[in-house]
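Both complexes below contain chain A, partnered by chain B and then by chain C.
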Partner chain A sequence: MNYTKQIQEIAAKLFAEGKIDVFVGYRMNGFDDNQVPVLITGPQEVSRLVFTDKSVFNLVNYLKTDHTRRKRVGLVVKGCDSRSLNLMLTESQVKRENLYVVGICCEGVVDDAGRKMQNCTECMVPDAVVSDELLGTPSNIGLQPYAVNPDIAVLAEKPLPERAAYFEEVFENCIRCNACRHSCPLCYCAKCCIDQETATLYNGANTTSGAFHALMTWSLHLAGRCVDCRNCEKACPSHLPLHLLHKQNESVIYENFQEHLAGVIPGDRGAFYKYSMQDPDDFIM
Partner chain B sequence: MARVGVFVCFCGANIADYVDVPQVVEEVKRIREVKFATEYKYMCSDPGQGMIRDAIVQHKLTSIVVAACSPRMHEKTFRKALSDAGMNPYLLEVANIREHSSWVHQKDKKAATSKAMDLCRMAVAKSIANEQLHEISVPVTKRALVIGGGIAGIQAALDIADARIPVVLVERSPSIGGKMAQLDETFPTLDCAQCILTPKMVDVASHPYIELIPYSEVIELQGFVGNYKVKIRKKASYVNFKTCTGCGACWQKCPVKVPNEYNMGIDKRKAIYTPFPQAVPNKPVIDAEHCTMLLKGKCGICAKVCEKGSIDYTMQDEIIEREIGAVVVATGYDMWDPAPYEEYGVGRFKDIITSLEFERMVSANGPTNGVPVRPSDGKVPKNVVFIKCVGSRDEAKGIEYCSKICCMYTTKHTILLHHKVHDSHAYVFYMDIRAAGKGYEEFVKKAQVDTGTTYLRGRVSKIYRKGDKLMVRGEDAQIGQVVEVEADLVVLATAVSAPKDNPELARMLGISYDKYGYLSEAHPKLRPVETAKAGIFLAGCTQAPKDIPETVSQASACAAKVCGLFAGDTMKKDPMVSTISNEYCSGCQNCVKVCPYGAIVTDEVPIGYGSKELRTVAKINEGVCQGCGSCVAICRSTAITLAGFTDPQIINEIVSI
Partner chain C sequence: MSVETFVTDKAGLHKFYEAVMASRETYAPVEKFGKFDFKRVTRLTECDPESPIATTQSIKPLFFPRSAKVMKYLATSAGTEVSEVDEDPLAVKRVILGAKHCDARSLQVLDKVYNWDYIDTDYQKRRENTVIISTRCDQAGTHCFCTSLDYDVENLDAMDVVIVNGADGKIYIKARTPKGENFLTELNTEYRILNIESQMSEEDKYGEMKKQYESFTGSFRLKMDYKEVNAKLSKIFDTPEFENVSGNCVSCNTCAFVCPTCHCFKISDEKVKDTGVRYKSYDSCNNGYFTLMAGGHNPRPVKYRRWRQRAMHKFVYYKERFGENLCVGCGKCTIACPVNISIFEVVNQVSSAAMQE
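Right, the complex of A and B next:
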């Protein structure tokens, strides 16, 4: 998978036609073969853009910054990224007319060691669902049968106290740097509920229980919205297995809310934000 | 520091029998902020309220907890007691130790007492964080909507309009009149239904305060009591009512024949039709499902014969919007389909008919000119068997409840049969004869003597054919034997059932319905015409099966409620509404989507102090907000606060147990 040339051409064309102010893409990080996101503001920088299977980050996150807000932006999205973009559009965080979206029919990206990322092996929506221009051949795989994440499956086998002990260890390692939050395209609140001065509901301390509060609240606020791009995991300096929280939510929602997958349908706000007659109500006495 | 007063109620024996009230009082006295706690037999009575008023003054209390029944019952009563003592009424907190404790834990007094203590502790903790709130005034739209143009809707509309309040009456079918227009005579006086109903129908059409919208359906209701917005879909009638004179040339020439709903499908009507000659409005509509011009583009006869040029095949459905302040729901009932009674041969034997079919046959304007005939061969029946409780009081095949009107209308049918076919004989299979009502028992007794009807107490087990007769086999429980009756015609007194689209209507209106589909009243005894949603009232069979006198009474009661609601120019409203902090709102608009009242809109605010750049945030219309809290729960930024249920109040409650 290498669309470097096409993306450079598209970006040059967009700048030449004056259609965009900023282009968000990937560049080489300058010291190994990994890539980092880049915001370029003119045609002279177009040659820095690359796109290969090392283009791991979700660039939709950069629509939250002052460099892109209220500007005309071109950006590259893979399947998962496009789903989060869909949610950003639905939740009125960005305006579609301000965007030029280069969609990728993604074949999966790889980690530092060159192995295909776990979320890519499980991916059900590889082609971008929002785009002005689509690169690559659509896989047209449609929706595949849902496979429960193997890590979740392993954890589910363990007895409850063992699971609790495992997560205690996970939360203990959290340093409350909030990188997960900042790296998530869907964490765009003006002020996070956990940080509010009046938020008596939440434990803000930098302790295991504080981390538990913060991460559980965070994962529930993303339940039915998380698109499994794993930006949070890539950003976490403590290497916490954050996908466990999200994948568990995802599988429960997929099972109970008519096979709901976040961000696939434009205008869909997610399982928790709409009422349907088919919603399960067996928990109501 | 807060000074809380706690008042624990015995509720006679309702609470005191299962909760140790003195122990609860002792327990709450141990809470630091509680400066006064006491108990009384009936807290809601005048002496009970007096205790609260006195204690407020004497002990300088800053908030009050009443541990008694559900706040739905007496919150208003106690708030008023607080006001009377010069205290802000919203400093009251009710701990529901009756429905939530004593009534549900009757087998375990210790546990019930312990739970009552928890509930009191929570209420005390919450009340400490209570804030003074002030009622909101909202303007009232003085116009009522009546849904359904049967006798209930007609009566309600006339009574409201007579008080010079404008009414919008929406009827689904082309004419008002409902089921009553299909009846021949009415029990117990044998008045002709048409003679007493049609003048009222004409009154509706000519009343200056009634806007009649026939052939229409309510599709959306938004807003709140006093300020609803309704959307009505007016179905395309393909006839311009303004120019149509109702001359009838069109339906005389129309070549398409369709089973006539008004006559229960016994005869045919045309594709362009008025339901019955006395219809109001007396203008025809085209049945789009059967008209060949609309279906295939061939025919057009009605347009040719119409001298006024009133036929318009291009007419489209139209959406009408009205602002209204109150709603009367009068959607009536359906007749229960007796198909599950396979042993009676329903559907196999033509000579088994339902009571409404019989009613149409004996009606003077019916398909057989008032003479009952056998559908199979058109002969006049001599022996007629009436079977009661078909579907009613039958848990196995039908519905558990008694349909209330069948005993009386079957009695009426025996009389009508006797009048129309003098040498006939009627048999009635019954379970009980329920004739509670003014003049009802006398009516039944007289009918039995006059008509010589044979009453057989017992259920019918089977009906089979013998020649051209039907053999009805059943039990006569009074002699303890199986009997067989040879019948020319069998009439099934089918149950009254809720309109099948009531649940959908209820969801659209935001009111509740029971397991049968009847709409639920707010209180079965003390608030029988109100629903749990303010400003929506129920009239007639849509609430439960009932006869015409009861329906009319209920409709008039609804009218009185509507007039009472519109007595002032503004309405006071609870201040328990949400507010949004612009600072925290991220503008995702999830709250806009979840708000069931349409109370949230978007607003543009500067991105920072003095900035000219704007961003979108949500804004709550406090007049529309009903304080349900859906937006508070959905808001990830916790930007929304609900007065009376703030985070500190809720956290205090949680922490206290």
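Right, the complex of A and C next:
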């Protein structure tokens, strides 16, 4: 998977036609063979753009920053990224007419060690679902049968005290830097409820209970919206297995809300944002 | 009287570690989720004091914890009663094993600010009661640039005891401070540190350690002239280059939280009914709320202004006030950063671009 040339050509063309102000893509990080996001503001920098199977970061995250707000933006999206873009559009965070989306028919990306990322091995939507231009051959696989994440399955087998001890360790190692939240494309709130200084509802202190509070609240706000791009997990300086929280939510929602998968269908709202007669109501009475 | 430099081998070093753990409360790098961090240990099997992988955080949390209790209070309609917190768990006599020299150096930098306007007694007590044993690196990491900064890495006296893997395959254990000398003497009387070269002169030992240092300095990818950076940055507050280098920053707090020298904090309360605890926790200038004022005004609402503050504080303001850079060149921020922004690249790119204007 190497679309470096095509993406450079597209970006150069867009700048030449005056269609965009900024192009969000990937560049080499300058010290090893991994890549970092780059925001390009003119045609002279287009040659820095690359795209290979090391293009991991979800660029939709940059649609919520100062550098792209109220500007015409070109960006590259893979399958999972396009799902989060879909949700951003549905939730009125960005205007479609301001975007030029280069979709990728993704064959899976690899981590620093060169192994295929876990979310790519179980990917159900590899082709970009939103795009102005699609690169690569669409796999046309349609929706795959849903498989519960193997890590979740292993954890579910364990007795409750053991599971609790495991998660206690996770929260203990959280340094509460909020890199997970800031790297998440769908965490776009201008002021996060966890950061409220005056409210005593959330614990502002950097303690284990504070980390528990913050991570649980965060994962529940993303329930039915998380697209499993794993930006949070890659951003975590302590390498915490944050996908466990999201995948658990995802499997519960898939089971109970008519096989709902976030952001696959354009205009489809999150599982908790719409009412359906088939929604489970046995917990009411 | 100074204590001799101990010369030992791998087995002797492991015995030394075990003796340290038996004599004092010990902190060392422990692996969790594939990353190392300093934790309380009791056995050598639990930790890896020589881990070549840099720890996520430095030893800073052992002196300036992520979250520390400041006070407890009881607030009722009758009035407010304030009480002292429980005993500080970090103030006991302890040893830190496996600290890198950048970690140790960062405490010398922090001492300046902690002994300045207000004397932080908690920090002082933790500092006094801790012996830092540092293993000198054999190889520079991808993001390391400690030798480019304003301290002498070879003869650094920030750590109390230094361990060097000599060029001749032997291991040298040397005290660098009076505290370290006392500690080694004490440990030697109680446990006997294995010394395989009792005839070797101090000069020869120093020579072997120097050889190791020379091969270490040769392995650096990043090199810069900090004086030039200091001088250039101080003149270019208004350069638009800051906007370019901060473009892909996601405005999280990671760089500041893992930084061994960042020392900003916030105060927050945890309150249940009438009783509460006040905490002092880390804060970061890269966070959009950092400078948000009660009236709603924010002097640094955009990323490039926050990045400018971060770079300037590290290489200009702190230098002007305390005579030292607020950066030890450990590269932890670049490793931890979700998009690998390097403070080295930022200050060099900004200062060289500004010169071209």
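Keep this in mind: the second predicted complex is superposed on the first by the 283 of 285 C-alpha atoms of A that agree within 3 Å, B and C clash if a C-alpha of one lies under 4 Å from a C-alpha of the other, contacts with A are read in each partner's own complex, and residues count from 1 in each chain.
The definition used in the following text is that a contact is a pair of C-beta atoms (placed from the backbone, for glycine too) under 8 Å apart; a residue touches a chain by one contact, two chains touch by 3 or more.
Remember, predicted model here, so these are calculated numbers, not experimental data.
If you put the two complexes together on chain A, you find that chain B and chain C both fit without a clash. With both structures placed on the common chain, the touch criterion links A:Gly210 to chain C but leaves chain B unconnected. Of the two partner chains, neither chain B nor chain C is touched by A:Thr137. By the touch criterion stated above, A:His221 is placed in contact with chain B alone, chain C being left untouched. After overlaying the two complexes on the shared chain, residue contacts for A:Asn173 are found with chain C alone; chain B is out of touch. An angle of 130 degrees, to the nearest 10, separates chain B from chain C at the C-alpha centre of chain A in the overlay.
In the superposition on chain A, A:Tyr188 makes contact with chain B only, while chain C stays out of contact range.
Touch criterion met: A:Ser92 reaches chain B, while chain C stays clear of it.
In the superposition on chain A, A:Ser276 makes contact with neither chain B nor chain C. For chain A, the partner touching the most residues, choosing from chain B and chain C, is C.
This overlay, made by fitting chain A, leaves chain B and chain C with a least C-alpha separation of 6 Å. The contact surfaces that chain B and chain C form on chain A in the two complexes overlap at residues 191, 200. Of all residues in chain A, those touching chain B in their complex are 70, 91-93, 188-193, 196, 198-201, 221, 269, 272-275. Contact residues on chain A toward chain C in their complex (touch as defined above): 29-32, 34, 36-39, 57, 61-62, 65-67, 169-170, 173, 175-179, 181-183, 191, 195, 197, 200, 203-207, 210, 231, 234-235, 237-241. Partner chain A is touched in their complex by these residues of chain B: 583-590, 593-594, 613, 616, 634, 636-639, 647-648, 651. Chain C makes touch with chain A in their complex at residues 32-35, 37, 56-57, 66-67, 142-143, 221, 247-248, 250-254, 256-258, 266, 268-271, 277, 279, 281-282, 284, 287, 289, 302-303, 335-336, 338-341, 345.
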